[in-house]
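Two complexes, one shared chain (chain A), two partners (chain B, chain C).
After this line comes the complex of A and B, so read on.
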């Protein structure tokens, strides 16, 4: 069976959507109490770390062309430790997807479908995600590529339509909690960018030699998108009011008012939430099942789709309520994820460097020929 | 994927498009267009709902303005909270009560002066209300206001409220903000909020006194008029510390709007400086956004200099004096500026010494001087505002003189 191919634009579109989808859930609401009026600077402060971090990850992946991070891990640290790493990655993306799913579903209930059972909303999301993942990485990439311009234009339109409500004092005092405090907040929320890990599993299917630009462009674009949304939220509802909303970007959508008739625009922008969340769920599901398939050396990921969907749906209902889902999601995905995945990457990079050094002493090149696994 | 599976998936998806749980039939819904909240008589609050009579609103001729068909029905109930009252309404409203089209929420003044915040907060959390929903404070009871508030000139009660409160851009005496900005002003250090003040039409005329009074010297419920709608909207209720602390008349509200940059236009009638007892009428619009310069003295006293740039057209010169001539135009300009200065002094005096609340939002300009939030909060602007040295100056330029180049005297 032919190996799937993910084009440059498709990879960028998918990665940017996956990285930016956090503006559509409640993570932002929990960022404002930390960054105050300077919250918009936090994604910009994340950018240098994100760009350097991805450059390191790309270096590691480029040492082993044609392999994913799972196979690279087996090569570098052996199967025993690697299966533990794979398990951490699987649990992270499955658990993270569950928490995001719960928030997406709760949002739909709170604002659009109050009488619809939450299980129906969550299951609908996951059926869509499962279908896309079943069809494979290429389908996922193409759907993202097609949806990307609509999502970006939609988001830009949403922000511009709030322009008549902007209150310039919203970004003052400029440094929010203070530069030191702000730097610490940026450091402690680096997890917002771990979705870039998607490329570590999609690397073999990307155009040769384009991994680094794909990652750098995606990180840069996502950082700017998130900063723009935060800035618009602050300008419409200056701190401290902006921290009251469960979903700030939805709050500014509800605020749109151009005359007496151009109001109640949130329904117009509903597809933004639905499609960005659907693509994010599908990407997270793909990551989980691809990790499981690679770790168990299976050529197909499809057998893992149904069990993983069931796991995600079950885990989504573990938080007893919406506030718990928000708090857990923020702690798990924003606060701690960088530690989990960062340690794995750091260990692998250290192992790669060590091996390179040893091989250098032994007169070997350190590069091994790549091997593509046929996944669909 | 096989075609059979594709078709099955599409058919399955179609089933969801129609909606199952959240459908709502318009003819089974009672659309609330206005909500009144007062201190309760037999429970915590009296909630009054103005419900649109959809058949009359949609009926065109039958419900046309001026016809006997009423387009609204008003019900009041005693309840512990607004959502409880909405549920209670189903005891005698046959349709499902829906607040999503409520254009205004009116708070009775007694409640607004004591427990405003706790009821205002509902608007933030409840999905039925959006930030553009207008908040009104009744100069009296909201229930009385809504019982008298039948739409005039409009068939739709929702449109009536939209149009009535939307006149802020042609009348300086109507505040602009919906509940979104009001929430921001109420919860941010450095500003107080201004809500629309409404009152029931006064029952008796004042004693005869045909002396000059600016049209904006009134508040809702005291406007000298006869006929038309039973509700006046004029002036603003100043909200600070979670309650209404006082009211501004129409002219003072106009000054606040100018400083905040919300002002669009007004008609100013000023006494002719060369002919006492005669008046000059000018149409005034904003020329540039207001300039607000704030600095903090070494002793911590804030100093603010506000400059309002206006321009306008001469509508009428009763005395026939040739103010249209270029060299004489400044006489009109100075007279208009002095009239605005007088309004500004009154508004400033009330804000600083009567209410102790920065309804002008000058604090929003001051906070730019502070690098961090802790420093800004420590400065405690709201405490320093009453002692701040604030000047509001006006620069008015006459641009046009109407259709007449000069006035030829009557003989």
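After this line comes the complex of A and C, so read on.
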């Protein structure tokens, strides 16, 4: 079977959507109380860390061309520790996907289908995601590429249609809780960008030598998109009001007024939520199953799709209610994820540096990084 | 009396009579025994054996012998003569000294009798003595059987001096002879020669070059392909006068072989693409491939895909434009449709006229078509979803109009929509099947009367008539017929999704639909190229860019020459130089 190929544009589209989908769920609702009127600056403050962090990750991946982070881990830290790392990655993305799924389903239920069982909505989401993962990474990338302009135009339209509601005083005081407090908030929510880890598993399928630009462009674009949406929310609703909404972006779509005829514009923006959520679920599912397949050295990821979907669906209903799902999701995906995945990357980078230094001392006798092992 | 017999049969039980079958094929319910039926079985076996013997004769490519009688006997077997009345075996003598026996073999009907009389029989029967004797005088005696060189000389003389037909070929085996006769040619067998001469005498009835029926345009050529592959190739050559235009013939089908012309520009088309097209055509093992729609299903990448992966067109100008882009075209004999390879989603949404009008209007036409596609696919499903689940999203004034219109309708919205959609499909299908103008009239009258009557009877609401009409108009804007069929069918899936899960269901369905389409390839080219994956090329996919910007061929076809025209194709817009005395500078 020919290995999939993910083009530059497809990779950027998919990564940007995966990184910025959090503006469509309830993460923002929990960010506003922390950043207050300066919440829009938090994604911009994340940007330097994100760019540097990805540059480090890209350096590591470029040392071992043609391999994913799982195979690199096996070579650098050995199979025992690496299987633990793979398990952490699998649990993180499966659990994260479950919590996002619960929020997406709850949102759909609250605002569109009050009489439909939540399990039906959640299962429908996962059927769409599972099917596209079954079709492969290439298809996932192409769908993301097709959807990307529509999503960006939709988001831009959403922001621009609220222009008549903007109240510039909504972003004052400019530094919100104060610059130190704001910096600490930014530092403690660095996990919002861990979805960039997707590129660590898609690296072998990307155009040669384009990993770094793909990652940097994606981080930059996603940061700007998230900042723009938060800024628009703050301009429409002052921060004491905006933190009351569980879905601030949905609230601003409902606030749009465009003549007496168009009174409920949220339907027009429904594809934004459904498509971005489906793409994010599919990418997270792909990450989980690809991690499992790579860790177990299987050439195909398809056998893991159904078990992982069942796990995600089961885990999605662990939180007792929507607020709990929001809190757990924020803690798991925004606060702690950076520590889990950051430690893994840090250990691997340290091991790679150590090996490089040893090879430098030992001349050409050592094994060169980048050479493929048999199982890859 | 029959009623009395029926009554008796009903009242009095009798063992049913043994049914008597005239045709006993497949009846394996009784053991075979000697009796009246045994002869029939034996006859059948003999017939089968005979058929296999003839098949072997053709498959083993058995060569002709020098004996005319033996050749005639075997040809009679091959063509099932005398049962087959179409075969004509015309014995005659060449007017040589001494006269030599000869035989013409042809099918009555597909051959041109005038050509046969004037270009074969007349010279051979009247002039052979003059020409052959004179020509062979200087080379010794008239050749006899057994002398290979002499046989060769006689064959060459007949071919070169006596047969004035424009296309005379030799056939060495029975298979070749059969193939030539079936193609409408006349085969000449001469006693003592182990090779036959085939003279081109095709004369079957053909339709003239007509106007396009499915791809009509207002501006642009009004010619369409016809059923003759040679005429079709000529139509393309008439437009594309380039020596590198190659026409390669491949035979398709085993029971009845059809000539399949593969057209490409040798200096532009990717050789791998050409080789792949040939490979797929040559690999087809099928009895009967008489239509390009059947051929398409044999060669497309994913026959179960949701969209066609080959572009069918009846326009020679469209084929020529595709060839210039580096694509490959297939023309099947007896078929007025050409297949263009590879096809993408965007090419299926293009019409020939897009390029013939000024670019803003070509782009606008395309935009309308994409809107039409969206309406045809999603409008009925979205209507069901909105009315069933999301009433609050309909503006109040419109909602009141909807509710008022639907007040008297007893059915749920989905039933109402399905009723009208099915009714419309019935009218459409009936309109095609009913011949001539009656079909068109039925379409209009049926739609008007049925719609009006359904509204008057409170079966459907007037709003729904608008929805169905818009959907129908949308589906008619799709320029590719197979693709519009796909959209027409999938519309019902979206209605089902809308009725089960509202707009959310439609969105998920659209996502899955997109994914399945994104997975498709046409001869390896992704269906959504050049958008997903992104490839380079001219601005001619989503919208039609100006002609002077069509500088490059599409990258996804991987042509041998990428650039179509220089960066500045309108030479006259160059800045006028100081010493440029000619007018025309800016």
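The working rule: the second predicted complex is superposed on the first by the 364 of 376 C-alpha atoms of A that agree within 3 Å, B and C clash if a C-alpha of one lies under 4 Å from a C-alpha of the other, contacts with A are read in each partner's own complex, and residues count from 1 in each chain.
Everything below uses one rule, namely that a residue touches a chain if its C-beta (ideal position, glycine included) is under 8 Å from a C-beta of that chain, and two chains touch if they have at least 3 such contacts.
All figures in this text were calculated on a predicted structure; none of them were measured in a lab.
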| item | value |
| --- | --- |
| Which superposed partner A:113 touches (first chain B, second chain C, both, neither) | both |
| Partner chain in contact with A:264 - chain B first, chain C second, else both or neither | both |
| Contacts of A:340 with chain B and chain C, given as first, second, both or neither | neither |
| Partner chain in contact with A:255 - chain B first, chain C second, else both or neither | first |
| Which of chain B and chain C A:131 touches, first, second, both or neither | both |
| Which superposed partner A:275 touches (first chain B, second chain C, both, neither) | second |
| Those residues of chain A which chain B touches in one complex and chain C touches in the other | 112-113, 116, 120, 124, 131, 135, 263-264 |
| In the complex with chain A, residue positions of chain B that touch it | 1, 9, 16, 19-22, 124, 127, 130-132, 159, 162-163, 166, 178, 180-181, 183-184, 187-188, 190, 364-365, 367-368, 370-376 |
| Chain C residues within the chain A interface of the complex | 386, 389-390, 392-393, 395-398, 501-505, 507-508, 511-512, 514-516, 518-519, 526, 528, 531-534 |
| Chain C partner contacts - residues on chain A that touch it in the complex | 5, 7-10, 108, 112-113, 116, 120-121, 124-125, 127-128, 131-132, 135-136, 138-143, 145-147, 261-264, 266-267, 270-271, 274-275, 278 |
| Chain A - residues contacting chain B, complex | 36-37, 110-117, 120, 124, 131, 135, 165, 167, 169, 172-178, 236-241, 244, 251, 254-255, 257, 260, 263-264 |
